[in-house]
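For reference, chains read A, B, C and D in written order, and residue numbers begin at 1 within each chain.
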């Protein structure tokens, strides 16, 4: 018999986190009359026993808000927890402390909402005997065990809006516009926003680019009378011939400073090759913020309700997932550590090529 | 060997129509080097031979635009075409005329984009031997042969934004707010926007409502200290006990006028029963307009490309469809005339009930 | 020496109320180190002594939120307060009670944020010797003592977005679209959104319309090949020849129900006269909600800071106002009870006529 | 008697250009029955005689579109026109050619829409005897002769939306977020979006910043329990002690590349000083694009109509301007070359300080 559950949100920000929390709290408290404890700032709160006891009013009005009312933290792993004392950093396994905290609260199951890092710890806690249920969260939609993650469509919306805005300016002023979006290892945001926004070139981590191929595409468009081009580039895109220096290591510089990212690099290369004025927009954390789109709110709500239903059915050590149109669950053992990258021969790439998109290959 | 195809858009407006046209034209002209003829204002243009010959520039910059550059018309059925002469209306089968027009243009296949009416005529033309491919369009997402139709998520976005706006006002001013959305026979827009917007009550054509049940829900919330309620009602919602008069037939009125819809009716009933001030917003055609959300632009593009690929593969008499995450095709014979209503025991309804939504039942 | 102030928000909802509260609290507490008491639900809280003591965190994150964190109430006049006991309604002057509450809190000055009703009571309290400062609020921008009120540009944005959405549908489907917006006595929202959205006809309370003139305009556009028209109508618009029945009094009807508003009435008249399909959208309270546009947030912030500065300078009995680009103040005695309607020979009307707008006259 | 006018749009992109063109064409053709010639791509079209003859349909549906249907070019000065032949660049005075083109078209007056560069040439043409009327355009709102320019409020809206999105993420994840906006010489966009978005620090070209002052502000907020901060920085902001290297000149680097702008520089400095994770978003040309807000559409329409009225009244050599709430005109001789920077003791700066904004001074 379940009487009390705990919940936390870990990892980078993602629109829909509050919607998951709302669904967990409303279902657990309203439908099953369980108590719900929320731990603050990800695993940090679980380690430090920093928590709130939810009442139903706490989750009113948060469905459409970005961020997470519980707070999050990015890199706290209870099995290797970062401690800082007297300026000295130390890493320590505090997982037993977590087990004890959960026991002392008499929590029957923890709902752990987060990305691959959070879920890997969730699996490790399950191995230690803790009852847990996971909810997957990645803005990049790069988790292999689920078809879609919440927050992703909101990021695509933000990037697509940006392309829309750049479009009219590019056209009126005969410019090449570059939009750098998130996606270090998987190019889903670039791919979907690029198709939705009608980009001319999309550069993904999965398809190393050749700058000449991009320059040719611009020239080809010019010959068709289209004097502008829009390029969407994932932050993790890279050229065919070796890596690009995009971080802070300018050697021999008197004052090493933060360089622009891959978008700036490509802009330079295009300007050198074509003489075309080229402008760069870097969306950065804009993609993690803001009001979630309805698609993400519904998916978040389904995930949150499903996590509570899993607990009610006694199915622990699982993660909720979306397969096709159906909510299902997978074992945490099977779910973590598997990246879902863009299939370079998949339908979306073919669709994009059919409507004339170049991938720099 | 295909050399030339035709295309038209029929039925009510739907965000994403232009994105389908763009994908059809870009794929047909760019990938396959076919000619593309666009007929204006739905079947009317096909009957009257009112058309444009597309060039690739015609579809530039339309991906994010509502409406359809070809125009549409709502109720023109070539098999029973409405003619008006000297004030007299006559209906006539002009389908042979259409067959001839297609022949004279030497069109190898027609792409017919539209709702159930347009697709029923498409099937009838296929029976007559015309090579056709259908693309489904319904803002209400109520076509049984496909999981999702483009335009629907944009309508849900418009309705959800409206709920978001009403929310803060309802809360600050202790009001009951009613939002009337589209959905004459199927309540998908009300259901999904209601979940996404956090509505307290959702009224669907599929679940006849009891006004007392709504009044009870408002009272229950009041007891919890929530002095406001948001009600989303599909235009086709109806009470358990008989129909509601919402059209123009006020008998004995000296000046019969257009009455408000079901939203106004429910507002009256709630005011009478509770004394609560109740406000109504009727979204109407707002839901059919505007910039399609990325989800719809991508789906439209997939449909448009897939329609051309069907033609290239010689698979005529088919309609493109989405099943799970995959684009597929179904026979027009099987696709038309089958309404997909909300499963009142389905997952979405359960999810909604889990987070506290009432359905007036 | 000021040590403590009070604040309340009264009247209908208006985007920017929270931004005013934030500016009042931040300036009073942060700059001057005064205490701030917030009374809940307008004058009701001041009568009932229902209040919160602000701390600086209370106003964090509310700048972009609609509604008001203090709540409001629409028709509570402390000089004629509605009381209900045993089902009997009674009106009573409770203004002395308010004076006493303010004294007991040792409040040095009240900031009263609201519309003409709220400000009229403010003036009456000033006459009784209470130190008050007013901040004007009207979504309709119809207060004569200030050039612009916050919330108005947000309402115009909501209405303009609606016109944008209707436009493409109207064009693709050859429809007449009617958008009914707020404005019972002054047509500012209809006028500015109509100009911004490119409406073809704008109907204002200030210019009684002739239905034939509207029909002629639609016909004239048709002759120019423009097969659609957009009509924006203020809820207070009325025909030249007598009033329109738009409320619930359908006599002899077996079941008198709420009729549609003026928008529905005009739709009927146009359909009868032209046979054109005509669709109506009623924005209603959507216009009072949502995230305030930057213009309104800045104006609200200016008003809130200015109100505190007035108190600091000992200028009581005043209302802050905008004249040209400058914040100034006017006496409450001069400010209340004066409606600012659209000048029918003013620049905006001329501008609109120059770009082809008809006013139904 | 005027019979024909010409129009062009010059300089960088700015939301509202199409709205000005629409108003000019509608008023000139509809109200006065003049012909209107549009020259393409700014002065380039006037030099090359590349033009279209407007008909009234050309400006339908463009009111809400970014960009300019005439195209623009950034740095073409007819008095010193850039010519490139056989790879050799040459500058030549082609102003006589322009005079001849205008004569050959029998154009009675040119409407020149653009920024300080475009308007300086306008003045020079006026000195040569050409009848011209100017319409001011600067996204930065930094023209001294007018209170507000169109496009500015749209840029402020884009920047404010970005701050809103960053806010929830910053709060949930305890981050310092930096938003770099336009404004090389004048910080209006940073200032107004910073106030509207509730930024904690705003950095302007007009107020050189001290990095320690920013670090102190972040620390002060931390002490109040606010573990995040939002910094809006104009691209032209600079530190008190000397300039910042933000361009491509990394000496001794094996591969000199484009560095990030001032936003990246400040992020580095803050991370070094505080250890706080700091994220940068660079809006770039997003601010020049997109759908103009209603404020800008109305202002653009007023400017466009007023320009035609000036011509009708025979007032040449003038520029339309906004002073307070009124449209007026100023002499081009007086209008050009005068930058309007932020008054560092003005009302807006005071307002911002009152609500707790730091300026790094």
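The rule we apply is simple: a residue touches a chain if its C-beta (ideal position, glycine included) is under 8 Å from a C-beta of that chain, and two chains touch if they have at least 3 such contacts.
Bear in mind the structure is a predicted one, so any value in this text is a computation, not a measurement.
Asker: Quick check on the contact network: minimum steps from chain A to chain C?
Answerer: 2
Asker: Hey, what chains does chain A share as contacts with chain B?
Answerer: Common neighbours, chain A/chain B: none found.
Asker: In angstrom, rounded to a whole number, how far apart do the mean CA points of chain B and chain C lie?
Answerer: It comes to 34 Å between the two C-alpha centres.
Asker: Could you work out how far the Cα centre of chain B sits from that of chain D, in whole Å?
Answerer: Computed value for the inter-centroid distance: 40 Å.
Asker: Can you list the residues of chain D that touch 2 or more other chains?
Answerer: 164, 167, 171
Asker: Pull out all the chain pairs that touch, please.
Answerer: Inter-chain contacts occur between A-B, A-D, B-C, C-D.
Asker: How about chain B: which of its residues touch chain A in the complex?
Answerer: So the residues of chain B touching chain A come out as 22-23, 26-27, 30-31, 56-57, 60-61, 63-64, 147, 153, 156-157, 160, 164, 167, 171, 192-193, 195-198, 224-226, 291, 293-295, 297-298, 301-302, 305, 308-309, 324-327, 347-348, 350-351, 354-356.
Asker: Under the definition above, what is the set of chain A residues touching chain D in their complex?
Answerer: Contacts found on chain A: 12-13, 17, 41, 65-69, 71-74, 158, 161-162, 164-169, 171-175, 177, 245, 248, 250-255, 257-261, 264-265, 267-268, 277, 279-286, 288-290.
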